[in-house]
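Each in C-alpha cells, the structures are laid out below.
Heads up, the next two complexes both have chain A, just with different partners, chain B and then chain C.
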Partner chain A sequence: MEIFEVTILLLDATFRVATPLVLAALAGMFSERAGVVDIGLEGKMLGAAFAAAAVATTTGSAWLGLMAGIAASLALSSLHAYACVTHNGNQVVSGMAINIVVAGLTPTLGFAWFKLGGRTPALNGDERFSSITLPFADAIGNIPVIGYIYAELISGHNIIVYMAAAAVPIVAYVLFRTRFGLRVRAVGENPHAVDTAGISVEILRYKALAVTGFLCGIAGTYLSTAHGAGFIRDMTAGKGYLALAASYSENGSQSQLCWPVCSLPLPTRYRRDFRVLNYLSSV
Partner chain B sequence: MTTNAPALELRRVNKWFGAVHANRDISLSVGRGTIHGIIGENGAGKSTLMSIVYGFYEADEGEIYVNGALCDIDNPQASIEAGIGMVHQHFMLVDTFTVLENIILGVEGGNRLAGGIEKARIELERLEREYTLEVDVDALVGDLPVGLRQRVEILKALYRGAEILILDEPTGVLTPQEADHLFRILNTLREQGKTVILITHKLREIMAITDHVSVMRRGEMVAHVATKDTDREKLAELMVGRSVLLRVEKEKATPGADLMTIEGLNYIDEDGVARLKNIGLTLRAGEILGIAGVSGNGQSELLEVLGGIISPTSGSIRYKGEELVKNPKFNARDLRKIGLGHVPEDRHKAGLVLSFSANENTALGYHDLPMFNKGATLDRTKMVSACETYIEKFDVRPPDATLKASGFSGGNQQKLVLAREMEQDPDVLLVGQPTRGVDIGAIEFIHKQLIHMRDQGKAILVVSVEIDEVMSLADRIAVMFDGAIVGELDASEATEQRLGLMMAGISDQELHVSDPEGEAVS
Partner chain C sequence: MSETKSKFGAPSKVPAWVSLGLIPLINLVAAFLISGVVILIVGDDPIKALEVLVYGAFGYPEAVGYTLYYTTNFIFTGLAVAIAFHCGLFNIGAEGQAFIGGLGVGIAALYFDFLPFWAVIPLAIMLGAVFGAGWAYVPAYLQAKRGSHIVITTIMFNFIAFSVMTYLLVEVMINPSAGGSPETREFSDHTWLARAPEFTGMADSPLNFSFILALLLSGVFYYFVWHTRWGYEIRVVGQNESAARYAGISPSKNIILAMIISGGLAGFVAVNELLGVHHRVLMDFTGGYGFVGIAVALMGRNHPIGIFMAALLFGAIYQGGTELSFEMSNINKEMVIVIQGLIILFSGALENMFRPKIEGFFKKRQSLSTAEV
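== the complex of A and B ==
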C-alpha cells in the first residue's frame, strides 16, 4: 500500500511542479512553430512572476496579479517581436537580452518598492491562488483507490493547475484544427509560402508571440502567487530553459509533444521531494 | 472592364534597387487566353518584373492594368484578388502539410478548418478533372516528386480563382517528359480561356508553347514578337545583344588513356539512405563525360565523393593506377595536389566564400602553394596579381581583384571558380552544374573553355541537370537515377527522348524488353 500512496503523492507533486513547465513549453512551442526562437521564456516568466506578486500584494487580489503577470509577459513578448520580426534582429540575442534585463530589473524594482532585499512581501489569503477542493472530494475520499485518487490527486490544486491541464487540449485544437493554427505551422515551416498566399508573415508572428506571452504570463504568475507565496529573485531557476527544450523536442504530431512535457518534471521532482527520496533509498 | 482589353497590361513600369535600375520603362501587353513568354538572361529583370506584378515589390513608377482596369497592387493579397496567380521557381509549399492544407492556406474559409477542408476537396476534384491536374490531395507535399509539387502550385493558383497564371522558370527541375506534361496542362489552361505568362531563359520552351514573346535585356524590354515570326537564333541575339552560338562547336574527341576508374562505388548517408549504388565510370584523357539526371538522384553525392569531401561506404576509385579510397590522400586538399580539380555544384555554398574578395577566393584551396605565399605568410600582392591574370583570361567583369565575391554576378562568380581550378592545370576536372544561373554569353565562354581543356588531353566530368548542356558538351553521357547509373551512351546516339526516359529510371534494356513496340517512346 505504501508504494501506491507514494506514487499518488509523487504524481500529485508532479502536477504542481509541472504546471509552469507545461504552460511555458506550450508558449515556447507557439513561437517555435511560428519560426521565432524564443529563449526569452525564462525572462518572461520571471517578469510575470514579479509583476503578479507586486500587484497582488498591493491590491490584495490574486486575479489582478494574474492580469499584471500576463500584461508584463505580453509586453516583453512584444519587445521580442519588435526586435526579431519587425527589425529582423537576432532572435537569440533578443531573447537573451530579455532574460538578462528581467533578471536584473526585478530585484532592483522589488528593492525600490518593497525594501525587502528584492523580494515582495509574503502573500496570504486572497493575494494567492489557494487550493480548490473539488465537489464530493470529502464525501468519496474514503473510498479506496478511486476515491483516494480523486481526493488526493485530482482535487486540491489551485486554479492555475487546472488551467494548465486544460491548456494542453486547447492548444492542440487551436494548432491543428483552426485557421490560425494552420497559418502558424505554415509560417514556421516556410514563411515564403505564407507570404505568397497573401498572408502577412509579420502580423502572424506577432499574434503567435502574443500567445507565447500570454501563456508565459500565466506560468510566471503561478510561480509567485500560487506555487510560492511571493516573488524571490531568480525564482524561475531555469524553468524557462527546461520548457524551451521541451518545446523543441516535439516535431510533428500532438502526441509527441506530450512526452517531453510530461517527463520533464520528474527529475526536478526526485531532487525536491525528500519524502520520495527517502522512500526510494529505503527500498 | 471591357471585353477586348488585354488581360494584363503594364505601362512604363520602373523599379530601382538603390542605384541599380532593375526595370526601365517596361511596357507589356498580354492578350487574354494566350501564352505569353518572357525571355531574358539571368539578371535581365524578368523576375523583378513578375514580383512587381505579384505584389512582392512595389513599382517606383508605372501602372498595372488587369482586364483594362487600373490595379493598385502593393501586396500579394491584392494581386490574388485581381486574379493573378504565380508559380514560383522555388515552390512556395509547406513540405510537412498535405496537398489540401497547402492549397487552402490563406483561403481557409472560416476560423475552423473542418468545414473549409471538405469544401476545398470537392472544388479541387472539379479543378483536377477540368485541367487534367491529377494529384492525391491527402499526400504530404514533402513526399511528392517535383513535377507533382508544381501541379500543386498550379492548383493552388487556380483554387484562388486565378485568371492569369505566371510561371517562373517552371521547367528547371523537370525531366523533358514532365515538361511536356506541363506544356499539355498549359495548353488546356489556354483552351479554357486562362492567360499564361511563362518566364524562362530556355529558347526551346518559348518556341514550343508560346503565342507571343517579349524579350528583356538589362532591365529593358527590347522586343515584342509573335512566336511564329521568329526563331531561336533571333531570340538569342535579342537576349544577349549580339549573335551567339547556341551549339558548342567542337571536334570529335580523341580519347586517350583511362585516367580515373570508378568501380562498385556505394555511399550510404548518415540516415542510412543509399545515395550511390554500385557506380562504375571511367574518365579518359581528352574526353568529356557528362552525367545527366534530374537533380537529387545522387549526382551531388557522386561529385562530393570524387572530390574527396565525403568518403564512400565501399568501392574503388583508381586514379592513374593508384587506389584513392582508404588512401590518406583521399581528402579535398590532397586530391587537388595530385591533379584533381573540382568545381563544386553550388558555388555559393562550396565554391566561394562570398564575403571574401576575388583574389582570396581564387587562392582558396591552393593557398599553401608557393605562388600565393612569401615565407610563412600569404603574399597579398601575389594573390592579387594571380587573380588579375585569371580575370583577364576569363573575362571576368568587373575586372577588380579586390571586389568581394558577392559583388560579382552569377556568371562571373562561376568564371572565378573555374579559373581557380583550371589554372592549376589539373589532369582530371570535376565540374558540377557548370552554367547554373549563368547567362547565355558566359555559358558560351565556359563551354569553350571546357572543350579547350579537353583538347589538351584532360579528362573532364560534367554533372548537369540541363539536358541540352550535357548533350552538347559531353562526348559520352551517363544517366543517373536514384543513385545508380541507368545507362551510358555515346553523345552521338543520345536523343532527348532517350535521355529523358533514362532520367526517369527506364534503362535502354528495359525499354526493349517491356516495350518491344517502342510505345513508351512515342
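== the complex of A and C ==
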C-alpha cells in the first residue's frame, strides 16, 4: 500500500511540475507546425512570469496577473513574428535575442520597481491561484484506491493545472480538426502552396505565433503566481528549452507529446546535487 | 531553413563601408536608443549612464585592462560561433564547450604540474581545446549522421556540461580546505599565464597572455577560412549543401570539422579564465561569454577583424556596465544583459529592417552617378 501512495504522490507532484512544460511544449509545437522555430519559449515564459507577478502584487488579483502575463508573452511573440516573418530575420537569432533581453530586463525592472534585488514581493491570498478541491473529494476520499486517487491526484490542484490538462485536447482539436489548424500545418510544410491557394502566409504565421504567445503566457503565469509565490530571477531555469526539446522529440503529435514532458521530472527528483535540474525537485 | 541560412555573410552590391560600417552602426544606435528608454523607465539619466559606461570602460589604464580581458573571451567565443556559421551551423553550445574546456585545463594544471612551465602551459592549452572540441563533437556527429537539430543538441549539451562539471567539482575535484565551495585547489604558480607588464599600467587588471593568443588565433582563423582548402570546403557546405555534395565535398565531414574547431576555440575561454585569472577550476567561470559570442560573430560578420571590433565593443559594455551598476542607483548589473540582448536583436534578428532602405538609397545614388558619367 505504501508504494501505491508514494506513486500517487509522485504522480501528483509530476502533474504540478509538468504543467508549464506541457503548456510551453504545446506552444512550441504550434509555431513549429507553422514553420517558425521558436527558441524564445524560455524568454516568453520568463517575461510572462514577471508581468503576472508584478501585476498580481500591485492589483491584488491573480486573474489580472494572468491577463498581464498573457499580454507580455503575446507582445514578445509579436516581436518574434515581426523579426522572422515580416523582416525574414533568422529565427534562432531572434529567439535567442528575446531570451537574453528578457533575462536582463526582468531583474532590471524588478530591481527598480520593487527594490527587492530583482524579485517581486511575495504573493499571498487572492494574488495567487490557490488549489481547488473538486466536488465530493472529501466525501469519497476515504474509499480505498479510487477515492484516494480522486482526492489526492485529481483534486486539489490550482486552476492552471486543469487548464493545461484541457489545453492538450483543445490544441489537438484546433490543429487537426479545424480549418485554421489545417492551414497552420500547411504553412509549415509548404508555404508556397498556401500562398498559391490565396492565403496569406504572413498573417497565418502571426496568428500561429499569437497562439504560441498565449500558451507561453499561461505557462509563465503558472510559475510565478500558481506554483510559486512571486517572481524570482531566471525562474524558468531552462524549462523553455526542455519544452522545446519535448515538442521536437515527438514530431508534434499530442498523445505522444505528453509522455516525454510528464516523465521528465520523475528521474530528476532524486538528484538534488545537480543545480540546473534542481528546480524540478523543488515541488 | 536553407533560405535563412545563406543570409549570413551573403555578398551585397553596395560599397563595403556601408554594409560593413554604416549598417552595423545604425543597428547599434537603435539598440542603444532602446536601452536608453529602458534606463529612463527605471528612472535614471541615459546620457549620464552612457558617460559612466564609456569612462568605466576606457577612462583609466586599469579599466582598459579589464575591457581587453573581457574582449579576449569574446574573441574566442566569437570566432567559435563564426566558424560554425561559415558551415551554416548555429553553435549555441560555446558556453558548455568552454566549461568542459576548463576541465581539460584543470586536469593539465592540477595533475601535470610536476612538468616545467614550458611544457605544462602548452599542455593545458592543448587539453582545454581538445576537451572543448570533444564536447562539440557529439552534437556535430548527431547533426551530421543522424540529422538532429544542432541548436537543440548544443543547448542540451550546455545543461549536461553544467551538470557534469557540478558533479566533478562537488564530488571529485573539490578542494576540502576551500570551505565547501565547489572549486579545486589553486594551480601551482609556474602554470599561471603572464599578466600585462607593469609599464602599461594594467598590471592590476586580469589582462594576460591569452590576449596575444586571441590575436594570433584571429590571424590563423583568417588564413584557415579564406586561404586553405578546408576553409573553402566548410564555406561551400555552409552556403549550399547540395552544391557541395555535387562537387564531391562531404557535408557531414565538414560539419564535424567546423564544430570541432568551434568547440576548440570555445575551450580557449577556459585558458584565459583559469590559467590567466582564477588559477583554479570553479563554477560559472564561463559567465555567459558563449552566448555573447553569437552577438559578436553576428556583428563582426564572421570576419576576424569585425569580430575583434565587436568583441571590443562587448568588452567595453561588460566593463563599463559593471561600473554603471556601482555609480547609478537604479541600475543593476543586469542592464548589461539587456543591452547585449538588444544588440543581438537589432544586428541579428532585425538586420533586414534598415538594410533594404539603406542599400536601396546607395544603389540608387550609384546608378545615378554612373548614368551621369
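The rule is simple: the second predicted complex is superposed on the first by the 263 of 283 C-alpha atoms of A that agree within 3 Å, B and C clash if a C-alpha of one lies under 4 Å from a C-alpha of the other, contacts with A are read in each partner's own complex, and residues count from 1 in each chain.
We adopt the following convention: contacts are C-beta pairs under 8 Å (C-beta built on N, C-alpha and C of every residue); 3 or more make two chains touch, one makes a residue touch a chain.
None of these values were measured; they are calculated from a predicted model.
Of the two partner chains, chain B is the only one touched by A:L182; chain C is not.
By the touch criterion defined above, A:V194 reaches chain B but does not reach chain C.
Between chain B and chain C, C contacts the larger number of chain A residues.
In the superposition on chain A, A:T108 contacts chain C only, with no contact to chain B.
No residue of chain A lies in contact with both chain B in one complex and chain C in the other. In the complex of the two chains, the chain C residues touching chain A come out as 1, 4, 7-8, 38, 41-43, 90, 92, 149, 151-152, 155-156, 159, 162-163, 166-167, 170-171, 291, 294, 298, 330-332, 334-342, 344-345, 348-353. Interface residues of chain B, counted against chain A in their complex, comprise 54, 56, 75-77, 79-80, 86, 88, 90, 92-97, 101-102, 104-108, 110-114, 116, 156.
Chain A makes touch with chain B in their complex at residues 177-183, 185-186, 189-190, 192-200, 252. For chain A in complex with chain C, the touching residues are 37, 39, 82-84, 87-94, 96-105, 107-109, 111-113, 118, 233, 238, 241, 244-245, 248, 273-277.
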